[in-house]
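Going by the order they are written in, the chains are A, B and C; count residues from 1 in each one.
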Amino acid sequence: MALTLDSLAEYLHSVGIPCQVDGDGSAIVESVATLEDATRGQLSFLSNPKYEPYLETTRAEAVLVRPDVKINRQMSLLRTPDPYAAVTAAIVRLHGYRKHPWWGVSEQAIISPTARIGANANIAPGVYIDDGAEIGDNATLYPGVYIARGTRIGNNVTLFPNVVIYENCVLGNNVTIHAGTVIGEDGLGYAPVNEKWVKIPQIGNVIIGDDVEMGPNCTIDRATLGSTVIGSGTKFSNLVAIGHGTKVGEDCLFVAQVGLAGSVTVGRHVTIAGQAGVVGHITIGDNAVIGAKAGVSNSIEAGATVLGQPAVAISECKRQIAVMQQLPKLKNEIKRMRRELDRLLQLAGEKPRSVEKHTEPPVAT
Amino acid sequence: MALTLDSLAEYLHSVGIPCQVDGDGSAIVESVATLEDATRGQLSFLSNPKYEPYLETTRAEAVLVRPDVKINRQMSLLRTPDPYAAVTAAIVRLHGYRKHPWWGVSEQAIISPTARIGANANIAPGVYIDDGAEIGDNATLYPGVYIARGTRIGNNVTLFPNVVIYENCVLGNNVTIHAGTVIGEDGLGYAPVNEKWVKIPQIGNVIIGDDVEMGPNCTIDRATLGSTVIGSGTKFSNLVAIGHGTKVGEDCLFVAQVGLAGSVTVGRHVTIAGQAGVVGHITIGDNAVIGAKAGVSNSIEAGATVLGQPAVAISECKRQIAVMQQLPKLKNEIKRMRRELDRLLQLAGEKPRSVEKHTEPPVAT
Amino acid sequence: MALTLDSLAEYLHSVGIPCQVDGDGSAIVESVATLEDATRGQLSFLSNPKYEPYLETTRAEAVLVRPDVKINRQMSLLRTPDPYAAVTAAIVRLHGYRKHPWWGVSEQAIISPTARIGANANIAPGVYIDDGAEIGDNATLYPGVYIARGTRIGNNVTLFPNVVIYENCVLGNNVTIHAGTVIGEDGLGYAPVNEKWVKIPQIGNVIIGDDVEMGPNCTIDRATLGSTVIGSGTKFSNLVAIGHGTKVGEDCLFVAQVGLAGSVTVGRHVTIAGQAGVVGHITIGDNAVIGAKAGVSNSIEAGATVLGQPAVAISECKRQIAVMQQLPKLKNEIKRMRRELDRLLQLAGEKPRSVEKHTEPPVAT
């Protein structure tokens, strides 16, 4: 759609985002692009200061910026305290969310007569829904989706191609699962008997709350007993692995390739950055932040930010890294002092206590 | 099913697990649950001492515990030296393993006339089996499974939805592969020619032994020449990546997101914890244990336990971590000593040897 | 096929690989195998010196070796400066590349009437191609492939089973994508509003150049705005994750489980080893090499080789590792010096400045 800057500003106000037009309010924007790519008729935004230089060169029709941003050229601006929230609302307004293909309930989908399908279902060819499964209203299931027996899915759920959900799992409303993600498979549950691994039937399930979104090719183990739980509002990126019996709170954000072992308890609004891992049977407090590649081996208090392997408070981790980079220098300093000390001990008529010989060459710094 | 504690104890004895009823042997259990979740009619267990407090509050009908566990309340117990093995047997007895849907050989599966399918096959709609493939007896293939030409699969094999097996691979008996796992794809085999990558045909295959189980979305490269091998009894968790030509021994356990490069040789009963990685062309000895996130860049002896990046003996790694956390303190101590030493050198009429200036502020500890 | 060593040598010359027969030029080779596995009629090669001992025991008909390699037994050799390039050419010549099953355009594929399919298409049953999609000439699409609306694919493209490509993406010519890989899904794009995550429509796409190959179960996010780009000639291994808006240059090589966050700019011919990660909004220069498990948090200059977490120049990283392994020893040395220094200070009639007590036991070395 197309909007004047005045009407876009009005819309942003209406969704609670204060916004002042600075320039020609009758200018029309039809779509959104980056400062680098934007051209006539396109709205852009500046949120990360790193990209401020592009303000001088962008061909955008208008740009969302903070109130205090200075610009040395003639251009139309929309000034708002939170350009990122504003551009989000603008994208929703001008572009909207993905429109799915429409299949109705395809005759080439295989749906058990004992499955219950809600109103306005959109089920593609090649979908398989097993006995006793329940799918809520307004569901969109893409080709290759497999729903095992007894699994119950809420309203307004979207499952992209080849999503697989094992038996007796539960998904809430407004859940979106991207292609290839697997939910409810058996976890790594074996009893060691004479150096063999005896499989423990995994009789639990997975329960996913409302408004959850998961990226592609994630894997969420069912619990051995009870439930693996993903809280409402939580978002996962790609290739995330969740172990059996782990419980993740509400409104968490997990970046790509994060892995949680089994029986972990994660609070609400926890952020875990890319490739971080958490060992089993520990607790992560509310609002904790776990840095990229962190290896978390102990429980973390609410609000803490940790980094490193093993993960420690980020300030501590940064101190360690800073000193570590000086290690070679420190090592040479110690050797120098050792030599001087020996000399002083001799002058004092004392026998040097030095027990170890410094035969290695000094480390270059 | 439902069992009295007496008859359950009898069954456990019959499978080699000693067990004493301590309480009402006529109490009946029908299912198994955690101490936290269990209610009337449910059996629970205490293996990890961490959960001992729940013994005071559990509503379980009966609990499997070690002989020496003390309890201050009236409840029915089954005392056994290995509660974990016992609960495994109890789950198998009371719940059994997953029962698969029954499809027979679906007319909506696509099976080459030159493929050989064993007795009692259970092949879902949407399965594709190419020319010359062989599937043993009692196979269960879920929708979306693809078996390429010439691949041979043993008896009692279960392939969950969307498992893909490339051409000329071999799977043994009693193999279970979870959804989305890919076996036999080309590895990263290219010859560098003038800064381009020239693809090397990957003409080898993958051979998987008996009783192997793999989690979802794993990827097992075929060998360039010869075979990538996964030994009998080995179990993988989720998102495990195995490089071309790597040979994994029997009864190994790999946790989620483990990655092995190509041409690695792994012995028997090796445990690799989550997100660990192993470089190519090295050997991991029998019964070795590789810790979570370890980066293994050198061969490891049989029985060794390693940790860290690069991975070293766990005792060594822990020593390093311990000292590293004291680094900022050590650094300040060195500076203090430096100053004192300079003073003593002056007192001794010697010119301080100190060559570097300590201009940086001391590190807070 | 079968070739004499003379005719194979001739062929290698014809593709620009100098090669001398050393032994019986009339010997015939029909296939290629490793030194360990090769038998009569098979050609092998020695590239990695590590495998040189196998030269003494191999039963290969002939072996490709460097000109200077000495052998103490009677056998046929093909001497060439680059045995790896030579064996690659020999494998191509003797074995060729994978031959795909032939489906033509299957009537069991679902293809929108508004999709455009090129000449000589090979489209399997169970493929789904949505409205307005374009598939070039000589395409091979395996079962379970899903191509969303408006996606355009070049000539000579192979998509293995269950590959999913979201809407409006672009793939070049000669692209190969292995099973289960997902291209064009939404990235982790949310605006934080009152501790909730508000989804930002991801209106960009993914553009993949010519001659790109990706391993199985990779995930390539579409851009929020604009395009995520994978340059021509670039090769990915398994389980690689690319964040939204990231641009990867030409002829790069990414090993398994590599993860790049969003808005990263990667130059040409960059190598990233297994399980390495790169944070968002930074730049990796041409020909850079990122070591296994590296955590790259700052931009990297062209030609640099980095390692570690955080990643630093490899020489620096190795120095740090070397000293770190001596840390326990250094710590004890500092304590010893501390004691000696205190003694000297006393002898000099000075009050020891030592403020901290060394109460911990010394660390064993």
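Heads up, the rule we're going with is that a residue touches a chain if its C-beta (ideal position, glycine included) is under 8 Å from a C-beta of that chain, and two chains touch if they have at least 3 such contacts.
Being a predicted model, the structure only gives us computed values, none of them experimental.
Visitor: Through what angle, to the nearest 5 degrees, does chain A rotate to match chain B on its C-alpha atoms?
Guide: 120
Visitor: With over half of the numbers shared counting as same, classify the chain B/chain C interface as same or different.
Guide: Counting which numbers both chains contribute, under half are shared, so the two copies meet through different residues.
Visitor: What's the distance between the Cα centroids of chain B and chain C, rounded to whole Å?
Guide: Their C-alpha centroids are separated by 24 Å.
Visitor: What are the residue numbers in chain C that touch two or more other chains?
Guide: Each of 126, 144, 162, 180, 217, 239, 257, 275, 293, 309, 324, 327, 330, 334, 337, 341, 344 in chain C touches at least two other chains.
Visitor: Please give the residue numbers of chain C that touch chain A in the complex, ascending.
Guide: Listed in rising order, the residues are 110, 126, 128, 130-131, 144, 146, 148-149, 162, 164, 166-167, 180, 182, 185-188, 190-191, 193, 195-201, 203, 217, 219, 221, 225-226, 239, 241, 243, 257, 259, 261, 275, 277, 279, 281, 293, 295, 297, 309-310, 312, 316, 319-320, 322-324, 326-327, 329-330, 333-334, 336-337, 339-341, 343-344, 347.
Visitor: Which chain B residues qualify as touching chain A in the complex?
Guide: 31-34, 36-37, 48, 50, 84-85, 87-88, 91-92, 95-98, 101, 108, 124-126, 142-144, 160-162, 178-180, 213, 215-217, 233, 235, 237-239, 251, 253, 255-257, 269, 274-275, 292-293, 308-309, 321, 324-325, 327-328, 330-331, 334, 337-338, 341, 344-345, 348, 350, 353-356, 363-364
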